[in-house]
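Heads up: the structure comes next, in structure tokens.
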Amino acid sequence: MIRVGIVGGTGYTGVELLRILALHDAVEITAVTSRADTGKRVDEVYPNLRGYVNVVFVQPELEQLTECDVVFFATPNGTAMLMAEQLLARGIKVIDLSADFRLKNVDEWQQWYGMQHTSPDLIAQAVYGLPEVNREAMKSAELIACPGCYPTAVQLGFLPLIEQGLIEIDHLIADVKSGVSGAGRKAELSTLMSETGESFKAYAVAGHRHLPEITQGLSAIARQSVGLTFVPHLTPMIRGIHATLYARLLKPSAIDEVHAFYRQRYMAERFVDVLPLGTHADTRNVRGSNHCQIALFCPQGGSTLVILSVIDNLVKGAAGQAVQAMNIMYGLDEAQGLRAIALYP
Amino acid sequence: MIRVGIVGGTGYTGVELLRILALHDAVEITAVTSRADTGKRVDEVYPNLRGYVNVVFVQPELEQLTECDVVFFATPNGTAMLMAEQLLARGIKVIDLSADFRLKNVDEWQQWYGMQHTSPDLIAQAVYGLPEVNREAMKSAELIACPGCYPTAVQLGFLPLIEQGLIEIDHLIADVKSGVSGAGRKAELSTLMSETGESFKAYAVAGHRHLPEITQGLSAIARQSVGLTFVPHLTPMIRGIHATLYARLLKPSAIDEVHAFYRQRYMAERFVDVLPLGTHADTRNVRGSNHCQIALFCPQGGSTLVILSVIDNLVKGAAGQAVQAMNIMYGLDEAQGLRAIALYP
Amino acid sequence: MIRVGIVGGTGYTGVELLRILALHDAVEITAVTSRADTGKRVDEVYPNLRGYVNVVFVQPELEQLTECDVVFFATPNGTAMLMAEQLLARGIKVIDLSADFRLKNVDEWQQWYGMQHTSPDLIAQAVYGLPEVNREAMKSAELIACPGCYPTAVQLGFLPLIEQGLIEIDHLIADVKSGVSGAGRKAELSTLMSETGESFKAYAVAGHRHLPEITQGLSAIARQSVGLTFVPHLTPMIRGIHATLYARLLKPSAIDEVHAFYRQRYMAERFVDVLPLGTHADTRNVRGSNHCQIALFCPQGGSTLVILSVIDNLVKGAAGQAVQAMNIMYGLDEAQGLRAIALYP
Amino acid sequence: MIRVGIVGGTGYTGVELLRILALHDAVEITAVTSRADTGKRVDEVYPNLRGYVNVVFVQPELEQLTECDVVFFATPNGTAMLMAEQLLARGIKVIDLSADFRLKNVDEWQQWYGMQHTSPDLIAQAVYGLPEVNREAMKSAELIACPGCYPTAVQLGFLPLIEQGLIEIDHLIADVKSGVSGAGRKAELSTLMSETGESFKAYAVAGHRHLPEITQGLSAIARQSVGLTFVPHLTPMIRGIHATLYARLLKPSAIDEVHAFYRQRYMAERFVDVLPLGTHADTRNVRGSNHCQIALFCPQGGSTLVILSVIDNLVKGAAGQAVQAMNIMYGLDEAQGLRAIALYP
């Protein structure tokens, strides 16, 4: 059994990790931390876990985690970088769901996240945990930086096009819509039901922290700098991300040919599903599951491709992808603990 | 492997059966019928099942089902009663999620359901599939009538009080709220999002078909006729039933004593969970799971008890309970295939 | 023109007052206070008011309000009682939407609201602002205590039955469902969309502050003490209250007779609408309007009456009723500024 | 008083017309037709109109409309073209909310709408009712073709840029999100709450009927053919359209300069509101009102402009704009009957 620790067990990614790991046959949940809820039973805070999780929240201190084989950080940005080094030094693997180790450029990270990075040396060592791109490196990683939710949906959507060199990469557009759970479990006015229900809006159009992460990832694939306009939106639902991606073809290509490239590229991927031509993607079809579903269109036979890419932001966009990373690190079946089917309706 | 057939695979209870059974280790999905979608792949209609269900819809005819060991009916009322006899004659077990065999009194059934019953002889043979009441009879049943969603939540909520003889049973009140998936997957004006979103209403206050089913069940427990006012409501969400039940105590009782009776009564039940005193029930904590959570209050120390009982109408209120019934009929672990944790948030 | 001040302009009842008063022909909005947003334009905080409200938030100080003829308090409990006396002393009328002057018994108020009342002398002077009960007293009132949202829906629903002496009044039941805007505009975990969306729950079953207000009102009508079990619920929508009320008839009565009493009682009331027999009430039909719609049932011809009473919690349950009170105090047409039709769908 | 008829009074645009016109001081509702509900009171079908609309549905026949001065068509496509000629011949003005007279090219219309046009001669006579573009022509129009909901939001968003010649017009992108009421009041599976709640999807990406209408409008402004990729989406709310528009600047321009053009262009427009720089648009701020709010961004100082344009699809996108058209035709204050403030929250 893999002894697992979770730091930051009271956010939505934390409780989602618990929901997945509680049913993972190879895992034993050893420690779950919460500064605010120390001493409380986990299932008192999350009654959906009653009968499945029998642990009590402990302080987020190193000594609480030393019995673990691997520690997940489901914390706000800036926490994992304070503890990762000590854990790694003890031979404990680290899977960070926050943004601390996602950007390779420290200056850029400090600029976007507005704080000093306390473990810049670990950045190079961290493996960006998008299995569809970095599986080999992940197998031997000690420290994994899990991708953000938007970056997962957008990168998986553009990936085959960029690998194949089919599109202009200087003016990509990603118009992405997220459910409100992406904003986290924090007492804030802006995500009250009265504020977000029955309404739709864009936010952070001038610049969102996931922008440099996406361009870093896409540029690595393209082996040159890509240009991206990224507009995130808040949609009145709880879970789900729908990325609508726009790219111009470099030369006329039949849509079924492009579609074949996608099918080929993701044929061996358990969690990326290219839908039949003519089909649209719908976030409900991946809600609660670790799948990404992708649909392709070339409207009016023009030169602009439209790619629809949907995930559950808390699963493939966070906790599910983190467990997938753990499975890869430990040589387990990549889908272990991740076979839940999306909840429809 | 148990070879399973599902008649009526295109309603919400049908697709929910598929979601559960596709991951049930002891089951092989042999036939799924749909008159309208015959010939189509099931996962074309339900893309959430892509990668998990690889069958094609067939006609709802007897010959399509003869290879099955057990057939689930997830059909509108009036269908199971037409096919059950022939299936049973071939030694095929029948689990009916519709209302055809729920009421023991044929006249009452015909009055409430507005049609002639075509298999009145089977009614006596049918076992009402509420495991917490009828487990022993279910073990040897060939034909199980699964309880309705409202009746499940209400009966589980009142059960210990009636068994203990603690309350007046002539004026029970069940004020119950349901998500809209309870209305089924039918093209109807009244369940459009524009009609049910951002609004709340009672319906069928004058009389709802689940009323005689509930009173039949409660009266059997009480061994005398109970009186019930049952008011169903539609609440703007998809899944979940919240029953708020009111009963007057026959004599003053401490709430912790009543609570102890509930704990005792459901101690051995895997899917009924009595919450700690002071806690409220919330439908989100059972969404997608087969659990019923129950909370108890005695406001202001008065003589009126308030019982809160929540289930997911499509799981414990339909498909999950039907699979639980199958597990019981086949002597399997009652929780097999039903270990999903509620999806929160 | 009536010069109006609003203290506490940044809660939902405050902005709803602004929405209504901005289009009220007899009113001039003179001062709107907000401690947090002092100096900001009101329509910067509430862009729905752009083009309609051209004032800037000021400090909630007496000197900001001395030009007003009437001041509305849309504040948390405990604020109006600190300022009311000084305003009244200057001849400025006060309409309080908070709970400060609703309960006539100071001890009871202090117990339920958990603070010392600083103006107990004003309590007797305050007129409880339910026009359908207290219109005459309101005409000459200087200080009006506007009813709470739940109390409005429940009292209007029970009123004719109690006035006529038709029901047992010692065991009334009010099962009431509210949209989340009733919880106010406060940064709190419990009303995040991720917490309240797609879920339904009861809360404060052991005791809610509106219980003593309702029993005070109903007891005054009955001229004796009434017994009430009141269970509030949170339903996943923004606006609307649906009260489902249960009462036992003292002697058998035909439902159409009871219905006739309701029609008669509310015939002259502009904002209480008794629906035709057989019709259910639906919160969407009063959303954004000042109407209360009431439906009546006597299920299965039994002795238990079911009354459905719906309002918009922010209009008839708060700001609309407060403006109705102002119209009465100033001898205006009671519906002035309140003619908006409910927004459907 | 203007005597108004409404053909097709039982769809969402029909009932929205009634909601607006019932409070319009210069209007008398003379006839409301509904084939299915003939003989029923309008407020029986729409209880939100109780006390405001006292008419009975009549058959959609010419003789029912001859007393009218103006007739609104809130009908499915293909109905207005059958009756318009006869009404016009009697001197009755026609305001068509359907698509029958929106496209100037008959062949294109027939191709997109899949039917023969029965009044091709009237097409040239019809004035496209977007006041911000065609106000002068509308003043003397007898037949007005009201713009679709998507076309209204998209055209108002792009208008100043195209008029000023600031952007490349061959590769415009309109990523637009609509509430489900845009799909109309029809019994259909796809718009059930269980199908559209808690989910987000694009639809008709290959080609939507509003595409030729938008390109016709934008091309007319540009005086040359524009190229547009238009992707509509369904978002889980009832009312509201949020258009996110992307365009590349022909030469570097400061965003505040572009913003100044927008402010200038719409300065005199009552219903188009350009938000301050840095502000995002939110559909809730126009819900129930006739306003369009527009926000502008130039992310990362690049060459791609992002324009956010929000309307209520049933008001500025349908019934409100139709009443605005009527006001213009009759020389009334353009805002008469349209002063409702958006319902927030």
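Each chain gets a letter, A, B, C and D, in the order it is written, and its residues are counted from 1.
Everything below uses one rule, namely that a contact is a pair of C-beta atoms (placed from the backbone, for glycine too) under 8 Å apart; a residue touches a chain by one contact, two chains touch by 3 or more.
Keep in mind that what you see is a predicted model, and the values were worked out from it rather than measured.
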item: Interface with more contacting C-beta pairs, comparing A-C to A-D; value: A-D
item: Chain located farthest away, centre of chain D as origin (C-alpha); value: B
item: Rounded Å distance between chain A and chain C, as computed from the means of their C-alpha atoms; value: 45
item: Cα-centroid distance, chain A relative to chain B, in whole angstrom; value: 36
item: Length of the line joining the C-alpha centres of chain A and chain D, rounded to whole Å; value: 39
item: Per-residue overlap in chain D, given as positions that touch at least 2 other chains; value: 12, 181, 185, 194-195, 197-198, 236-239, 282, 284, 287, 345
item: Chain D partner contacts - residues on chain B that touch it in the complex; value: 12, 180-181, 183, 185-189, 191-198, 236-238
item: Residue numbers on chain D that touch chain A, as the complex places them; value: 171, 173, 175, 177, 179, 194-195, 197-203, 205-207, 211, 227, 229-231, 233, 235-240, 242, 244, 246, 248, 278, 280-284, 287, 295, 297, 299-300, 302, 304, 306, 308, 310, 345
item: Residues of chain A that touch chain B when the two form their complex; value: 12, 15, 19, 22-23, 46-52, 181, 185, 197-198, 238-239, 273, 275, 279, 282, 284-289, 291, 293, 339-345
